[in-house]
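Remarks on the structure that follows.
Letters are used for the chains, namely A, B and C, taken in the order the chains are written, and counting of residues starts over at 1 for each.
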Amino acid sequence: MSTYFEEIIKTSEANCQIFDITEDVEEIIEKSKVKNGIVTVFAIGSTTGITTLEYEPGLIKDLPKLLEKLIPTYQNYNHNETWGDGNGHSHLRSALIKTSLTIPIVSTEMTLGNWQQIVFIDFDNKQRTRRIAVQVMGEM
Amino acid sequence: MSTYFEEIIKTSEANCQIFDITEDVEEIIEKSKVKNGIVTVFAIGSTTGITTLEYEPGLIKDLPKLLEKLIPTYQNYNHNETWGDGNGHSHLRSALIKTSLTIPIVSTEMTLGNWQQIVFIDFDNKQRTRRIAVQVMGEM
Amino acid sequence: MSTYFEEIIKTSEANCQIFDITEDVEEIIEKSKVKNGIVTVFAIGSTTGITTLEYEPGLIKDLPKLLEKLIPTYQNYNHNETWGDGNGHSHLRSALIKTSLTIPIVSTEMTLGNWQQIVFIDFDNKQRTRRIAVQVMGEM
């Protein structure tokens, strides 16, 4: 039983930009040499999220629209009154979507569906470099 | 330390049908012989979800009603314009509820509350056979 | 590779009280002596939640307001008609936010962002003692 850790680095435009990070995670699992176990994908930062999505042009527009409806960008948030950075909505979207996802690995492959990709979402309102922590654990 | 993997198979009516899969997961943990560790329950497919819920007739109606309010079935989704399968809402519900859940195992038992069941939800709009991946890891 | 389990106990006022449990989890990781691996934090109970949040006074108000908007306390829930405990909203909030979170541990530290705390939320409407299960797994 062993562990292997690596980070994925993405340069993000923010504002609900969605990244398909499935291949990045697959490469890390390959390097880990783990055959059976789990992988935990964790977005570092309180204005980010990790989930699964069919990564296709329609849904890439639909998910930000949904989040804008549920948690609007321009609204009176207590966070914004204190900090003045206008990203209260980003924090709340992150608390809702959450920043962690754990997936089984069986015979070196993740148990994802055919149309199910791992996506990283940057809910913040400023461009920056983003880090996603990937921990692989299991039997080699 | 060891891993044990098995899939749960369910024939689903779709349309937010909710399955209590707690006993299925318990049986897999028993077969794994793991005493202390974790179990990861992962729904395979981009129109499904896994969470916990008190599995009782009231909430089985309340949760689909809530999802219908937050993410209506009949609405203009970009996904539907491209693919014509009318399940944009199913994909978005899956991205929100998410398809993974990890639970501690202590002395062969999951640390669930008395009224806390593991549920699988099929958000899609077509009947089919569904698979849920269950990976147990820990000390025997 | 080893596992270490402990529970965090909190006396809760309920009604969306939010607890920063980051230090509690850090102390358990320290006791576990695990250097590289993962920690699973699981809230026991079907009216609770675990997520990450920048724990500051603004967001501590914003998150309950958001949940009140999405899933109002006073509304006709089928759960309430059957059980009469008036906490249908608490169960639904728990099913949405979910009760589990898994975080990588690297060189004895969780891979949290600087402003990213682990929070436990009690969505119920009655004061009580609450338990959060913490399972640490990895290499010492």
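Heads up, the rule we're going with is that a contact is a pair of C-beta atoms (placed from the backbone, for glycine too) under 8 Å apart; a residue touches a chain by one contact, two chains touch by 3 or more.
The structure presented is a predicted model; accordingly, all values stated were derived computationally and were not measured.
Chemist: I'd like the angle of the rotation relating subunit B and subunit C after CA superposition, in degrees, nearest 5.
Modeler: 120
Chemist: Between subunit B and subunit A, is it the same set of residue numbers doing the touching on each side, over half shared, or a different set?
Modeler: different
Chemist: Report, in whole Å, the distance between the mean C-alpha point of subunit A and the mean C-alpha point of subunit B.
Modeler: Spacing between the chain centres: roughly 19 Å.
Chemist: Which subunit C residues reach two or more other chains?
Modeler: 1, 70, 96, 98, 102, 137
Chemist: Where on subunit C does subunit B make contact in their complex?
Modeler: 1-3, 5, 40, 42, 44-46, 70-71, 77-83, 88, 91-92, 94-96, 98-100, 102, 133-135, 137
Chemist: Enumerate the contact residues on subunit B facing subunit C in the complex.
Modeler: For subunit B paired with subunit C, touching residues are 1, 36-38, 51-54, 56-59, 61-63, 66, 70, 96-98, 101-106, 111-113, 115-117, 119, 137-139.
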